[in-house]
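The first chain written gets the first letter, and so on, giving A, B, C, D and E; residue counts start at 1 in each chain.
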Amino acid sequence: QSDPVLVMAAASLKNVFDQVGADWMTESGKKVAFSYAASSTLAKQIEQGAPADVFASADLAWMDYLDQRGFIRTGTRNNLLGNVLVLIVPADTAKSITLAKDADLSSFIGGGRLAVGNVNAVPAGKYAKQALQALDLWTGVEDKLAQVDSVRAALALVARGEAAAGIVYATDAKSEPLVKVVATFPAESHVPVTYPVAVTAASSHRDAGSFLAYLRSKMAQRAYAAHGFTYLE
Amino acid sequence: MSDVLSLSPEEVTAVRLSLRIAAMATIASLPFGIAAAYAVARWRFPGRGLLDGLIHLPLVLPPVVTGFLLLLLLGRKGVLGAFLADHFGIVFSFRWTGAALAAAVMGFPLMVRAIRLSIESVDRRLEAASGTLGAPPLATFFLITLPLAFPGIVVGSILSFAKALGEFGATITFVSNIPGETQTISALIYTNTQVPGGDAGAMRLMLVSTVIAFAALLVSELVQRRARRRLSLVP
Amino acid sequence: MIEVAARLQQGTFLLDAAFSCYGGITALFGRSGSGKSTVIAIIAGIRRLDRGRVAVNGQVLVDTNAKIWLPPHRRRIGLVFQDSQLFPHLTVRQNLLYGRWFARRRGDEIAFDAVISTLDIAALLSRRPPQLSGGEKQRVALGRALLANPALLLMDEPLASLDMARKIEILPLIENVRDAFGIPILYVSHALEEVARLADTVVVLDAGRVVACGPPATALGSSPQPPVRDRFSIASVLNVNVGPFDERYGLTLLRHPAGDIFLSGRIRPHLQEVRIVIKAIDVALTTELPRQLSIRTVLHAHIGAIIADDRAVAVIDLVLPDGSRLLALATRKALDELNLAPGRPVFALIKTVAMDERPVGAVDTRRAMAGGER
Amino acid sequence: MIEVAARLQQGTFLLDAAFSCYGGITALFGRSGSGKSTVIAIIAGIRRLDRGRVAVNGQVLVDTNAKIWLPPHRRRIGLVFQDSQLFPHLTVRQNLLYGRWFARRRGDEIAFDAVISTLDIAALLSRRPPQLSGGEKQRVALGRALLANPALLLMDEPLASLDMARKIEILPLIENVRDAFGIPILYVSHALEEVARLADTVVVLDAGRVVACGPPATALGSSPQPPVRDRFSIASVLNVNVGPFDERYGLTLLRHPAGDIFLSGRIRPHLQEVRIVIKAIDVALTTELPRQLSIRTVLHAHIGAIIADDRAVAVIDLVLPDGSRLLALATRKALDELNLAPGRPVFALIKTVAMDERPVGAVDTRRAMAGGER
Amino acid sequence: MSDVLSLSPEEVTAVRLSLRIAAMATIASLPFGIAAAYAVARWRFPGRGLLDGLIHLPLVLPPVVTGFLLLLLLGRKGVLGAFLADHFGIVFSFRWTGAALAAAVMGFPLMVRAIRLSIESVDRRLEAASGTLGAPPLATFFLITLPLAFPGIVVGSILSFAKALGEFGATITFVSNIPGETQTISALIYTNTQVPGGDAGAMRLMLVSTVIAFAALLVSELVQRRARRRLSLVP
């Protein structure tokens, strides 16, 4: 009875990783356990000696953070998943907009608010800010933001009609019937939404590598698609 | 103070707002806290256990969940929220009042418990004495029970105030994190901890928070001490 | 009039007491644990009873049959608790004035100044109860009840921890409350002298039951056997006319058909007839008119009955010329040596010095007495 | 021996008292607010003093100069509080036995059963203090202090809310504690009879100062003026030899050079010499040997001094043949009519019935007395 | 219960773990809570204000910050953590004991305040009476002060227990969210709220949490009531 491979993963990966993990355990007979939390939290825990074998971050920044400090096993890091950033509105809203330079997002939002993850801290928020700036929409909506501490909270604000619109991942928008996607941000408007994975430098688990490899299996790829993630070759 | 610690304007705003929200949350919830504490301590009515449980709920649930529940209930489209907005024009969403409400709800179990503890230790024979002197129950409550429960009221208030300073999970979920409106010190600290390299900023704000809390504690101690001295309970 | 019929099980203790009394001062007398405080608490509405009825001056306060229960604050009862129960967060002044805030103004309330000066608590007004001595607390509690302008005053050993001198100062205040405001008073005390002086009616409780109820002379005096087992507690009451005051010697002459009685000090002015309480131990007997004796009060009497057992001291029931009774004590040895027996004429000697302003009360003929019922 | 010299400012009240007394029972007497409870609290170590020294049997408990302060739990003092202070969360039994857990075993402790039967609290053992009556609380508090096996017993009005019959039962217990265990007792009381019976020494406090200190006869009796302004409080003490007990009449004969004194009831066995307290109001005077009088005790005396003012009653200081003093009271009118003046021989009549088993104490010649110092 | 609500094995594990952690946090912190409450209530010593402030800190700071501070202090590489691990073999980091520690720390201000309130309302004359009966201060503390402060101890415990159930911010930050080791109901609820479609699971778990909290409340009420009845403080 050996210890499971401990994967520390961003909370937004829970659904899909739970499924992939279960598949791997059935296939290989080995064990894996997940600890989901904010990428920032996990990164700091690994820095403080958490017994993690694999780290899956929701953005590149926290992976870089660990990498630069030597907590990542060289050569194991790779970008596994991608996601798409979308603009959502409450499902009963009839308005539409095309996201391009000089689009009038500000009047689209009107007197309401634009719900986003924290633009400095939450990955989805960071991407959103980047995209809005690239499209020259940032100054128009800067004062209308409602920043929350997770994509899910932003989604909820839109679903409950508190916010007039919100910027979330396509994966999240897909799961909430009370919202609808009115536009997708052009891929070039922001750094690609990337979920990097890697084995930690401190890991001594012999199955860490094999789990990392399994994340690229056909079976896993099918799960990613089912949950709306883009698989990055 | 802001000079010494050289806070950014954004931080100063957050500190001011935090103080306003914490004070408002405490003051506004105090009458309800006292009423709830009294009801649970003294009356036996059907649903008493339920009320007692409900009061404790914000303590038991993760703050984010409490924030979600507030959103469901008191948001624009929430059952109660819509009613309040339509009939009284009271809107909580994205307002500092909403932040105060969230803080008040989170601090409520602490406030009620402290007050209740004090009410339960009031000698009921003194209330009886007040009755025989002609004081109707309400007068007895205000003239005897409440003053004698004063230590609990102070402790309940300080707990509520401190909790309001520290609260962010429910607040950010309910009313977001809008600078000048709902962005409290705690939210700012949290945000800082989520950014690589934000630790220094977080530390500075934690210091501010701590100083405020110490000051509040000090005031509450002085108030208490004075009250106790009047009763000659301290030498 | 106070009517009480109360039944209450309290742990192993069963209170099952019924009595009624007309105005004036009623003393509740009885051993420790006999139920006195419980009766007081029931009348004040602080303790609920299992079954019974309480009425004061015709107003029903409690009636378990009729499901009446008047809350304490509507009973207008001034209660002096056995353990003072002052409000610790209020000053003495605020404690004293507490009841005033709620009292109906009648314009003839007891004056604040009079109360604080009689109770000698002026110096304490700005203190708080934890800074008072035991006796000071009791005095303030008494003042607080008096100033609440009550329609009935209940007092549970209000003077227990006061010195004699203080008691002598305070007793007239209580009498004045009764006389000037006509407030009936129910009073718990273990001190016979207090009871004898103050009470118009005495209710004797024993183990939760009323064992005697009536005027002091009847309830205490004419039952020289238990419940009042202590010979120091035996006393009789005589109605006497007030004669002149002797300025030179400071003595008041009281006239009774059996002879003149000298009382030290003055009696309150304008009283024509007063009632005096004479303790049996202060009465000596002689068969010859004494001469050259410092005892100045000599009453004519004959022996009605002698109540003796194997104890040294016997009780002699004397009949005075007008038919009233006077109880005396003497050793059985003295009775034998003086050859005293029922029917024999004797002189009763009463020590003037042993009687003072205390055991004297005005006679109020309006006040009658309802016997104890059970 | 108890030595107290204490100075303490307490609000506007200044305690500045010094006295010492040798063993036995010392009564603290004084008006309400005079500082009695404060003295008790200082000796027990519950209140700190500003300046002074307290020593018991040579052990220094407090000395502000020497910076000695023994904490209360090492003083072995049994304290009966004025307001009982029972532990509300413990049963009566647990309250009673509380002190035992900490007391050094000496093998000769007061028996638990004896205490609960004398105090009549056996039925209360499993109750808790809130379920007791006022007098029951006091009795339990007394029991708790006695059972703690103290080296000094301090009692603050321990019998204030007890009826007379109960007091008469409890007083011998207190005396027994003194006699059987040699525990010195300091005792606050307003009841002269209690004090007169129990005290070997009386300390009279007034406004925080010791105004008199000495044997009861000296401290109470020979100062017929204030502080003891009440003539009922004046008393004298005589040492008498115990004669035979008259089975038939239930009387004990006491012999004194001035004459025979009859006392109702028996004296504790094996006592040869006892001290009796005679209240001045129980002494009458005559210039002729009386005949046919129910008063059986007649003592030869002559008048030492007459203390009179404008009040009706004067105090007569009688000198008995052996030089001892006896105080009597008479109206000034009687004095004039009998032509009594200093130097005249008189007979003192003492009512046997007014004296009983209470005001008698054994004489312990070992006990001397230190005067009050200031 | 797990059947009725048909919880997944993972959820059952989380519930069990939560109970263990909450109970452990409460029981283990109680002696310290009592000691701290007594010290702050009764003693005047230099640094008393500081201690009092420190105790309140977890209330004032965002839980995530508290967790972070714990991580820095008691983590494997933390000053104290390394010391404890090296010399006593006590390891908190990423263990359930660490979760209990985080919960205990978060509940500590609530526990101490409640107990202190009760200790301060104990009649000191009764302690004096105990002293005169020969009881040394420690005996007086255990036989008189503590039993009389019992209501506060119960309230402090229930607050600490409830807080431990609801706590996740400090826990997840300090010891992460490892199933079977540190993943409590609250952390699971939180994780569920972070993914699409997790709301149903979150709701179910909230119900479980609520039921546990109500049960704990009920027990505490009964314990209190019994204690009060013994004192005849309730009719």
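As a convention for this text, a residue touches a chain if its C-beta (ideal position, glycine included) is under 8 Å from a C-beta of that chain, and two chains touch if they have at least 3 such contacts.
The structure displayed is predicted, hence computed values, not measured ones.
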item	value
Co-neighbours of subunit D and subunit B - touch as defined	C, E
Intersection of contact partners for subunit A and subunit B	E
Furthest chain, CA centroid comparison against subunit C	A
Centroid distance [mean C-alpha coordinates] between subunit D and subunit C, Å	27
Centre-of-Cα separation between subunit C and subunit B, whole angstrom	57
Cα-centroid distance, subunit C relative to subunit E, in whole angstrom	60
Length of the line joining the C-alpha centres of subunit A and subunit C, rounded to whole Å	90
Two or more partner chains touched - positions in subunit E	64, 68, 190, 193, 233
Set of subunit C residues in contact with two or more other chains	131
Overlap residues in subunit A, where contacts from two or more other chains coincide	none
Pairwise chain contacts, counting only pairs that touch as defined	A-B, A-E, B-C, B-E, C-D, D-E
Subunit B-touching residues of subunit E, taken from the complex the two chains share	49, 52-53, 56-65, 68, 109-110, 113-114, 116-118, 120-121, 124, 151-152, 155, 159, 162-163, 165-169, 186-187, 189-190, 193, 202, 206, 209-210, 212-214, 217-218, 221, 228, 233
Subunit D to subunit E touching residues, read off their complex	44-46, 71-73, 75-79, 81, 85, 87-89, 98-99, 101-103, 128, 130-131, 144-145, 148
Subunit B to subunit A touching residues, read off their complex	64, 67-68, 71-72, 75-78, 93-94, 169, 172-173, 176-178, 190-196, 198
Touch list for subunit C against partner subunit D, complex	11-12, 30-33, 36-37, 82-83, 123, 127, 131, 133-136, 138-139, 156-157, 160-166, 168, 190, 192, 229-233, 246, 248-251, 262, 264-265, 281-282, 284-288, 290-296, 310-313, 328-338, 340, 349, 351-354, 356
Subunit B contact footprint on subunit A (complex, rising order)	38, 40, 43, 61-62, 64-65, 113, 115, 118, 120-122, 145-149, 153, 156-157, 160-162
